[in-house]
Amino acid sequence: MSEQVPVLRARGLVKRYGKVTAIDGADFDLLPGEVLAVVGDNGAGKSSLIKALSGAVVPDEGEISVNGEPVRFSGPLDARRHGIETVYQDLALAPAQDIATNVFLGRERRRSGPLGTVFRLLDAKGMREEAARILGELDIKIKSMAQAVETLSGGQRQGIAVARAAAFGSRVVIMDEPTAALGVAESAKVLDLIRRIRDRGLPVVLISHNMPHVFEIADRVHVHRLGKRVGVVSPRERTMNEVVGLITGALRLSEDGGELVEVYR
Amino acid sequence: MSEQVPVLRARGLVKRYGKVTAIDGADFDLLPGEVLAVVGDNGAGKSSLIKALSGAVVPDEGEISVNGEPVRFSGPLDARRHGIETVYQDLALAPAQDIATNVFLGRERRRSGPLGTVFRLLDAKGMREEAARILGELDIKIKSMAQAVETLSGGQRQGIAVARAAAFGSRVVIMDEPTAALGVAESAKVLDLIRRIRDRGLPVVLISHNMPHVFEIADRVHVHRLGKRVGVVSPRERTMNEVVGLITGALRLSEDGGELVEVYR
Amino acid sequence: MRAKTSEFILRTPAVGPAIALVAAVLVFSLTTNTFLNSDNLSLIVQQSLVVGTLALGQTLVILTGGIDLANAATAVLGTLLMAKLVVGGVSGTVALITGIAAAVAIGALIGGIVTGASLPPFIVTLGMLTIVTAVSRIYAEGRSYPVTDDVLGLLGVRQYLFGHIEVTVGMGLALLMFGGAWYALTKTAWGKHVYAVGNDPESARLSGINARRTVLSVYVVAGLVYGIAAWQALGRVPNADPNAFQMGNLDSITAVVLGGTSLFGGRGSVIGTLVGALIVAVLRSGLTQAGIDSLYQDVATGVLVIVAVAVDRFSRRKQR
Amino acid sequence: MRAKTSEFILRTPAVGPAIALVAAVLVFSLTTNTFLNSDNLSLIVQQSLVVGTLALGQTLVILTGGIDLANAATAVLGTLLMAKLVVGGVSGTVALITGIAAAVAIGALIGGIVTGASLPPFIVTLGMLTIVTAVSRIYAEGRSYPVTDDVLGLLGVRQYLFGHIEVTVGMGLALLMFGGAWYALTKTAWGKHVYAVGNDPESARLSGINARRTVLSVYVVAGLVYGIAAWQALGRVPNADPNAFQMGNLDSITAVVLGGTSLFGGRGSVIGTLVGALIVAVLRSGLTQAGIDSLYQDVATGVLVIVAVAVDRFSRRKQR
Amino acid sequence: TSQKAGDTGRGNDDGKTKVGLVTKTDSNPFFVALREAASAQAKKDGAELVALAGKFDGDNEGQVAALENLVQQGVDAILITPSNSTGILGAIKKAREKGILVIALDTETEPKDAVDATFATDNLEAGKSQGAYVKAALAGKEPKLLMLDGSPGGTVDEMRHRGFLAGIGIAEGDAKILGKESTNGDQNKAQQAMENLLQRAADVNAVYTINEPAARGGYAALAARGRAAQVLVGSIDGGCQGVQDVKDGKYAVTVMQFPKKMAEQGVQAAVEFTKSGKKPGGFVNTGSVVITDKPVAGIDSKDTAWGLQNCWG
């Protein structure tokens, strides 16, 4: 597809759960500096795919490589060490803890000087301010920064998960339906944010059911169906309807990947 | 606003959590047979409002009436007894249990004859088939009906919550962002479903951030901002941009409710 | 095929513990020559009856996300009531019913406090354990009470099946109770509600389940089960003793957890509990047959209990 | 104002238990005339030291969603090691360090099994309880060992503050430990991870927290705390006895739960635990001062423990 | 030789006697001493010993199961210290029906002839001795008594308590009893109980204790308040540490019992039974002895030097 070495690449991934096969020989390529949208039906296996790519799930078969180097992630920490930061569809927040704690979970900042190095004192104030700043940038309005995450509205919670990934991704940022619970203004801000991340040179994987969003921001669109990639198309060359056709299986790509073929059922 | 007696009506609802005021003197009117969209920013208090209307939260102040009769809901069961059925934003499913169990939770069907009446035997097969049928109608594809809900994809889970409410609402159906996690085709089916419910004569409350959906289906649009209703507009008389203006506070309705006024900040 | 097997293990939560049980039986059968005979196996079942019955009630409570530390104390008070009433001239049947009713009342009280004031079951039942134990001792006046009444002793009546398998009426009743509980939990709406409430109480409430009533009913039913455990105890040892079964609460929780039920609620099965109760008795019997002193038995039991759970978990790990 | 107060209660989880504690102290001060004096209050603190220290470690474990049934047994083995080593001629300091190291090793073993094989802490620590208790008994050879060594007895050394308030070195150490644990839990990344892991293990894992390492570290730290509890025990009673603290595990869990910490993990505080441990000692002392017989004391304690938690819950209910 | 053993197929074909010992617990030093003496005796006589125990004092169910499992295992004789004198009868009967010799140690069954023989101490008598000594040592002073009891409802606990009151001549509920607390025979609990009791009964002059650990705990609390010298503490057991405490003047008296004797005689009887089929019979009181370095008139006692030679544990 391209001469570039993919930042993140997978071949033949398979993940089975008893009778259910969630990933069924899926391939994946993320090129440097691009926004790659991943689209597909509910239950197509998108989240399972990116869980495999972010170490949350260990695939039964298949290979993953980062910048051409084969890797094996045995947990999310491994992927994070490779600079891959993920917003999971289920958000992965600690419900009873406050907002700043959640934003900085696993990456807490310590105070400078001996207080930090010897007494390992956290910079609570600094983290709180920084968290407020990031959320402000995303237009997420929070009434009290001391609220436990479980008391926040659905959109506020999602904002926190997005803010966290955006702030810390150093090589790849993966977002699984980051705007699903967000309002119009907040969604626009997240799309802005994705653009800014790309402008920093980081590639972004965006899973979304929102076709206008996908067509607004994606450089390439990976279409997932029944556990595997059925094609990658350019949003500039295809219409929304064509992509929806691919998703539902009404259309398919011809062998050479260049043409759309109608499927008769 | 209308001569009709509202099916569900609230005046001056207030709900405080410590420092945070989630509902701040909100009013609400749902007319017979209408689809009422409730829109507003993240954290505006939409979910809190409908939680108060469905008995999930007991407001600190204010009154609720059903068909003109004042009511006090001390729990979701009270509201359900009044025929009010709700899809919560957090879905309210039992994660470890299977799909049919979740669809019929709290409303299980027993076998006919003495097996049912004396031995209280559940009609497991019947419920499983019925659940499969309802989900099929919504185009939600599930690989195994025996899967625990926690193993389903985000969209599949949402489909189950929607299917449940739609199947059982007898007076009012409230849906809090029912299509947030759904794909294009599945969302369309849910909109269809809402129309069918309305056609059965039941009013529907639809909370959504998706303006195209709102404008496609709503009879009236209730705009919520900072914990209260700032206005009710007709989607036929207003544009999406105007509604977004109301949501963000860039516009406000004039005193008589007829005109939009710009707010200078 | 492979998928089918693992699916079966996953969906039948008692299979893991059963593997551990069978493994234990095999090991003892091979290493001693006194373990594997119908007499001994029958004894093992008899030895698990009381704790098994306590564990049955415990399973219900744990499935709702609770825990019952007062279960054995409740049963002990039940035995004392039954025995003292008969001593006082009341008929065995009336004494039996009174004892069971007392256990039900204690269950209702616990359930009432837990649901009415939303207090953690651990603390409520711990307080109740202290109270009920003290009441039993006060009531018993420092004595224990031998029981000769036929009704109270009914569950201990032995019979031989096929000429040489010794069974007791108590075994039959236990089988009935476990079967009934299995049926109620898996085939009725009540059971679905019990699991749902334990699984996620808030979701259950929002789904329109009357969570309080469900939980209350569980404590009441558990009380009934403990009342029957009291009857089982008199069948096994016709003597009501205020000092009996002091470890019955922990023993019953052990059986529940060995049976694969989660202490967080919402996941598990009574069949697993049955197997769990048997595992403990098998270990004790087998180690004795192997001639091991109880101090060293304790060490071995500790290790084997951990191993048994590990076997269970690994047989389920495959699915992950 | 009202909002402020309730906010304070909500965000400071120990306030509820503290209200219960103060209420209990008030009641006993008014109903007896031997309760409220500095001597007795000092005694009550001394009486809570061992269980309080055990409960401190228990709090850490419970915050991760676990439970430790072996904590008191671990401490008892620690006391035996310390005492027997000194009898064997080893210096007090070396004996102390060895005893504490053994407790840490047991903690590490438990943590290793819990995290390595993903087994439920209840079963692992129950097995460990059986094993460690048996080992202690075997090691003690049926005797108890009086301790005369100064280092081992250090925590029992008394002094008078302001002329009449009796304090012991052990009290100072306990204060330090609770302070340290409070600091570690609320002011360091480790503490945040402990809460996160207990709150929602899967989310914590997905957030990139090394959940296993966190949980393992908690069991190791808890082991250290139990080792120090052993030292506290020798300070209070200079005699290492394999039969001591048989209810220490339940007692410590009681203190934790009375202190407002959730048995489901992720919510609670060590300050609450401190208060919880004091509540139990206050009840026992106060009821004795009131001249109530043991059995009736038990009844009263059971009721009061439930009431104390109810007070806590109601003081927080306001926010709902 | 043993006509019974042969026909039930139990394994003494190699001539080795298999003896099962079931104590109340594994933890109480008294029973540990008993177990160790039995084990030593068995080794000496070439017998095989399996030692089991209940999980706690009062664990009748545990003892029943232990008995059943021993029968299954094919032992020739069972020595048991019953936790419950009536609750254990069924299991004993089943064992005896299989031709197994059953001997009660330390505690009698009810009725006594439910076992082949009993080698026991009389705890009521031992309590009486403690009480009588304390009464005599007070030398006419009005007793102001605190009682550190064992576990509520325990048989031994009740007997010693009642015996003590009989010996000192005070009725239950008398105002001379300034207070009593359960200690479960645990030193920690005893210390705590005494601390709390002292708060309101500062003028105590006599203390009853259920056993020596409780006495030590009580002494520690008294010593910490500087009251040890004025208070007469009595105890029961006769463990070596307890005797040493008496020698050190921590408490005035202890009443020694003899677990070793019971165990040794029990094992010997079992071995004799398998050899010759001869059963021991009746009740053998292994007795108790008052140990003190301050003998008082009218009470037979031995000094601590004798005590240290004959103590157990």
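Per-chain numbering from 1; labels A, B, C, D and E assigned in written order.
Quick note on the criterion: a residue touches a chain if its C-beta (ideal position, glycine included) is under 8 Å from a C-beta of that chain, and two chains touch if they have at least 3 such contacts.
In UniProt terms the chains read A, B = ATP-binding cassette domain-containing protein; C, D = ABC transporter permease.
Because the structure is predicted, anything quoted here is derived from the model rather than measured.
Q: Write down the chain pair with more C-beta contact pairs when B-C is set against C-E.
A: Pair with more contacting C-beta pairs, B-C versus C-E: C-E.
Q: Could you work out which chain's C-alpha centre is the most distant one from the centre of chain C?
A: Looking at centroid distances, A is the chain farthest away.
Q: Cα centroid separation between chain A and chain D, in whole Å?
A: Taking the average C-alpha coordinate of chain A and of chain D, the gap between them is 44 Å.
Q: Need the CA-centroid distance for the pair chain B / chain D, whole Å please.
A: Using C-alpha averages as centres, the distance is 48 Å.
Q: Distance from the CA centroid of chain C to that of chain D, rounded to the nearest Å?
A: Those two chain centres are 30 Å apart.
Q: How far is the middle of chain A from the middle of chain E, if each middle is the mean of its Cα atoms, in Å?
A: 71
Q: For chain B, write out the residues touching at least two other chains, lowest number first.
A: If we look for residues of chain B contacting two or more partner chains, we find 17-19, 90.
Q: For chain E, jot down the residues that touch at least 2 other chains.
A: 26, 152
Q: On chain D, where are the residues touching two or more other chains?
A: In chain D, residues 134, 137, 295 touch at least two other chains, as defined above.
Q: Quick one: in the complex, what on chain C touches chain D?
A: Touch residues, chain C against chain D: 65, 67, 69, 113, 117-120, 122-124, 126-131, 133-135, 137-138, 250, 253-254, 257-258, 262-264, 295-296, 298-299, 301-303, 305-306, 309-310, 313-314, 317.
Q: Over in the complex, which chain D residues touch chain A? Could you list them?
A: 11, 187-190, 192-193, 195-196, 199-200, 202-210, 266-267
Q: Flag every residue of chain B that touches chain A in the complex, lowest number first.
A: Result: residues 17-21, 40-43, 47-48, 89-90, 140-144, 147, 151-156, 159, 177, 180-187, 209, 211, 244, 247-248 of chain B touch chain A.
Q: So in the complex, which bits of chain C are touching chain E?
A: So the residues of chain C touching chain E come out as 32, 34-35, 39-40, 43, 47, 50, 134, 137, 140, 142, 144, 146, 233, 236-239, 241-247, 281, 284-285, 288-289, 291-295, 297-298.
Q: Given the complex with chain C, which residues does chain B contribute to the contact?
A: By the definition above, chain B touches chain C via 56, 75-77, 80, 86, 88, 90-97, 101-102, 105-108, 110, 120-122, 124, 146.
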